[in-house]
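One chain, subunit A, links the two complexes that follow: it is found with subunit B in the first and with subunit C in the second.
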Partner chain A sequence: MKRETELTLNRPIAALNFLLTLAVTFLGLLAITFLIGRVVPIDPVLAVVGDRASTETYEAVRLQMGLDDPLIVQFARYVWQVMQGDLGMSVSTGRAVSEDLGRVFPATLEMATLGIIIGVTIGVPMGVFAAARQGKWVDQVIRVIGLAGYAIPAFWLGLVGLVIFYANLRWVGGPGRIDLFLDGMVPPRSGLLLIDSAIDGNWEAFRSALSHIILPATILGFFALAYIARMTRSFMLEQLSQEFITTARVKGVPERLILWRHAFRPIWIQLITVIGLSYAGLLEGSVMIETVFSWPGIGNYLTTALLNADMNAVLGATLVIGAVFVGINKGSDALYRLLDPRARA
Partner chain B sequence: MSLLSVENLRVTFPSDQGPVEVVRGLSFELGRERLGIVGESGSGKSMTGRAVMGLIAAPGQVTADKLAFDGTDLRDMSESALRKLRGARMSMILQDPKFSLNPVIRIGAQIEEAMAVHGALTRSQRCARMLDALDAVRIDDPARVARLYPHEVSGGMGQRVMIAMMVVMEPALMIADEPTSALDVSVRGQVLDILDDLVKRRGMGLMLISHDLNMVARWCDRILVMYQGAIVEEIAAGQLYAATHPYTRGLVASLPRIDESRDRLPVLDRTAL
Partner chain C sequence: MITRDWLLSDDPETRMQARLGQGYRLARALLRNPLAMVGLAIILLLLLVAMFAPLLAPYSPIQGDLANRLQPPSATHWMGTDELGRDILSRIIFGARITLMIVLLVAIIAAPLGLLIGTVAGYFGGWVDRILMGLTDIFLSLPRLIMALAFVAALGPGIENAVIAIAITAWPVYARIARAEVLTFRKAEFLDAVRMQGASSMRIITLHVMPLCMSSTIVRVTLDMAGIILTAAGLGFLGLGAQPPLPEWGAMISRGRSFILDQWWVATMPGFAIVVVSLGFCLFGDGLRDVLDPKQRARE
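And now, the complex of A and B:
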């Protein structure tokens, strides 16, 4: 009984604590993007008025943008705008940055999600299997695959994949999210083409979207897999050397259950953190893959914005990526505390 | 017929300096009695217990001229046949409940698993027997304890849970590998009492592995003294202090006593061996 009352007392406090650290982390993130915007040698006024504007116009716009205010006031204004979802206008697309991000982020999200699903469903069993056969040839093969995942550059794998599976074998769709003649045929709901086309019942579009996403997502999944399999393997080895594994053997528990019930169950909570981190990594780090596959995602958007000195777009995209990273981290943290009986007590 | 019959048991591990024999030609018989195995750290007593249970994993190697449990030869038994024996017919209590219970599975479920893997009972029968087993090791509120995780109970209670888990299938042979070393002195006697009671009532053969001479002398019928992987002396428990082998005498002489005053505790004189 005592334990239960403690739990009900602790939970709101823990939740408040959690929200507070989340708020502080986000404020820190905003401070960083704000400072980047001030430090880079791109004049935001010049970006608006152009090179040939008179000094009077320049000065008027500068005042209008509030750039003569103290830095802290500017920062407060920036935080206020971001909280209202206003990330400014993009110079290169002529639209609100938030609107642009709403369009490009789902594309990245879709690819990264499919990638992490592939990485987890293959990587976790691979790691478990490697640990169970430590030092045997299966373990060695898996280790080499893992090393390859670390060593091979993403763009190279993307290009080779396109040459083989698209240009030669014609097994998959080429660059882009969907075949050109189907582009814009699916009414956007979630922004995730696979889901939208399935809701719409447009199976031709679904097939096309799938054939376009499968290669880049598999490549992303391969990189996630390398990390996930390696971590799973070392977590498993640590567990398999514990005394409670001997206890299970003494009880006569079959080897399959020793692996999955006794050794895997303690680690899958740790794995959530690993998976969360590599998911965040895929969301922010797919710039190369998006470039190679002309994927209209956030990585591509960020690259274009950088090349055009479109600071609002750069900062907005950075902010979103940072927020996703923080969100996933905090999410897996919370999940860890919720799921591990030892951390719960 | 004896329950366990061991002849010339050898356990070998490879090392950089060639193979190392940790158990060197051990022979003994065990009936439905309490057999104590004592010796210092590294004398091979735990390895003996694990070899009998078939728990020496590669690259370790076990050989014996005879290794028979209840008339069945354990030496060439397949892993799956051995698995059917383990937990059901022979069982082992490990040293420290902090490490030997799975940290993320509830106590009740861990005990029930010991029955479930041998697949004899229904779910409700297993649950009833699990509660009985907890009750038998003198746990007050079995239903509450069954829902706890191992980190939520004390060491003494953890070890009683361990005993409940290992006796629930009523094995014929029980190996207790330092069952009280990790516990507070105050609960040691309690745990041993429970174990002793279960052994007597269910007619199990008990192999009590320990480095604690007094404890073994008190709780066992017969004692094997091991040194460097071999048995150096076999004596009835009452005669421990009349032991003849220099190693056993050395061990006995090393015990500090409360009614004497000594500047330094005596240590084993290995030159005499």
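And now, the complex of A and C:
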């Protein structure tokens, strides 16, 4: 009886606590982008009035932009604008940054999602097998892959992949999302080319899109796989050393059942956090991969904006990637707490 | 005379003997780990190459020979030449200096900063702890590469700014680790003893608390080196880190990208250097962790 009341009492408090940390983290993110925007050597007033404006015009615009207000007031205004979805105008595209980001985000989402699917479907079984055959060659292979995931620069692997699989073997499509002659042929519905072309029944476009996405997604998936396999392995080893596994073995339960039913079942909740972490990591890692593959996603948008000194676009993209990253991380953490009774105590 | 028994003595007579003995035990434990030795060999190689770059490099890293541009790897140019006819091997050799400098600078800025914040938070506790760790957690939960990109965007491209940007995103991990370490001994009697002798908080933190957090910080820094190298190379690749004609590895890959399909070696060769050096730090860091800080391994 006491336990129940504790649970019902704890849930709302925990939820409140979670929302509070989330809000504080977002506020911190906003503070950082705001401060970065303030220290930039580009004078925001000059960017509006041009360098031939008179001192009076300059002053008037400066007042109009609210740049003489105290920092805290300016920050509050900034937060208010961002909450309304106003990230300013992009100098290089001439459109609102939020509109630009909405257009490029699906491309990143598509690539990262395919990447995490590859990472999970290969990484989890690999980790399980490595734990089952600890010290054998499968285990060694996973160790090497894990190290490679730490030591290989993603952008370099992308270039090497292009040389081998695109230039020499001709197995995959080159840079970009789809062959040039098919570009714009698929009516955008979800913004995810694979899904849109399938809905449209345009299988030529689907094949082309698939041949373009498969290499960057596999490379992203490789980095996810390295991490997921390593974590799965260590969770599994922890389970396999427990007494209930020995009991099952003594009872003569087949090894396959022991692995997947007895040992794997308790760890899938822990795996959610790991998968969430690596999914968020992929969104970040896609910045480099997108640059290499000229993938028209948010990472490419960010790096292009960086080179054009388009600060509104840089900060907007940073803010969105950061917010999604934080959201996925904290969300998977909360999900873990919700699903695993041991973490609640 | 320094003998094995003197080093391994259970009751050392001087502080120096105790320290040497501890160092000897650590070295012995590390020597038993072959992978850590491979890592150490790579790091030493990097150091030597960086030190003797002018002697080792067969050609100038900056001056090219336009008649010999984009030559494939051969006996005269082991790794080929780039679009300005510069020898890629020589550039990689000189690039070792840049990589080493970046890694060291980031470590020198980020580790003490994190150590200071973590130890102060852990030692004082209460509101100081809450504010400092709140700040740390915010930084920890943000994507590091993206934040580094944004900071470089604000500071302007260049190798110094890349170092600052990476350091700003690297310190929170050290702060977390140091704080966790301090919490295990903040109520210990030796701290009470120093306090009763009238030592200031500043003195206690720098002379008595920080040294105890050193080994876990060193382990973490070594493990982070690979990530720092990759981030620096990434910034160079995007044109935000080291600027041409500096032979920074990431920037070299970026230049080679234009001819990647026909002259693959220009972009590929510097990548191998990055992989080997990062791997070296990973392996050595792993070995160091097993020796210095076995607890950390258990936690992961």
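Following the convention adopted for this analysis, the second predicted complex is superposed on the first by the 318 of 345 C-alpha atoms of A that agree within 3 Å, B and C clash if a C-alpha of one lies under 4 Å from a C-alpha of the other, contacts with A are read in each partner's own complex, and residues count from 1 in each chain.
The definition used in the following text is that a residue touches a chain if its C-beta (ideal position, glycine included) is under 8 Å from a C-beta of that chain, and two chains touch if they have at least 3 such contacts.
What you see is a predicted model; the values in this text were computed from it and never measured.
Asker: When the two structures are superposed on subunit A, do subunit B and subunit C clash or fit side by side?
Answerer: fit
Asker: Quick one: classify A:39 as touching subunit B (first), subunit C (second), both or neither.
Answerer: After superposition on chain A, A:39 lies in contact with subunit C alone.
Asker: Would you sort A:159 into first (subunit B), second (subunit C), both or neither based on which partner it touches?
Answerer: Only subunit C; A:159 stays clear of subunit B.
Asker: Classify the contacts of A:329 with the two partner chains as first (subunit B alone), second (subunit C alone), both, or neither.
Answerer: Only subunit C; A:329 stays clear of subunit B.
Asker: Take the Cα centre of subunit A as the vertex and report the angle out to the centres of subunit B and subunit C, nearest 10 degrees.
Answerer: Reported to the nearest 10, the angle reads 80 degrees.
Asker: Who does A:262 touch here: subunit B (first), subunit C (second), both, or neither?
Answerer: first
Asker: When the two structures are overlaid on chain A, which partner does A:340 contact: first (subunit B), second (subunit C), both, or neither?
Answerer: A:340 sits against subunit B, while subunit C stays out of touch.
Asker: Between subunit B and subunit C, whom does A:252 touch in the aligned arrangement: first, second, both, or neither?
Answerer: first
Asker: Pick one for A:80: touches subunit B only (first), subunit C only (second), both, or neither.
Answerer: Neither partner.
Asker: Comparing subunit C with subunit B, which touches more residues belonging to subunit A?
Answerer: Touching more residues of subunit A than the other partner does is C.
Asker: Once the structures are superposed on A, label A:203 by its partner contacts, choosing first (subunit B), second (subunit C), both or neither.
Answerer: Neither partner.
Asker: Just to confirm the value: shortest Cα separation between subunit B and subunit C in the superposed three-chain model, in whole Å.
Answerer: The answer is 14 Å, the least C-alpha separation in the overlay.
Asker: Output the subunit A positions appearing in both contact lists, the one against subunit B and the one against subunit C.
Answerer: none
Asker: Would you mind writing out the residues of subunit C in touch with subunit A in their complex?
Answerer: Where subunit C meets subunit A, its residues are 134-135, 137-139, 141-147, 149-156, 226-227, 230, 233-234, 237-240, 250, 253, 256-257, 260-261, 264, 267-268, 271, 274-275, 278-279, 282-283, 300.
Asker: Using the touch definition up top, name the residues of subunit B that touch subunit A in the complex.
Answerer: Result: residues 53, 55, 83-88, 91-92, 94-96, 99-105, 113-114, 117-118, 149, 151-152, 162, 165-166 of subunit B touch subunit A.
Asker: For subunit A, which residues count as touching subunit B in their complex?
Answerer: So the residues of subunit A in touch with subunit B come to 242-244, 246-254, 257, 261-262, 265-266, 269, 340-342, 345.
Asker: Write out the stretch or stretches of subunit A touching subunit C in their complex.
Answerer: Of all residues in subunit A, those touching subunit C are 21, 24-25, 28-29, 32-33, 36-37, 39-41, 147, 150-156, 159-160, 162-163, 166-167, 234, 280-281, 283-285, 287-288, 291-292, 302-303, 306-307, 309, 311, 314-315, 318, 321-322, 325-326, 329-330.
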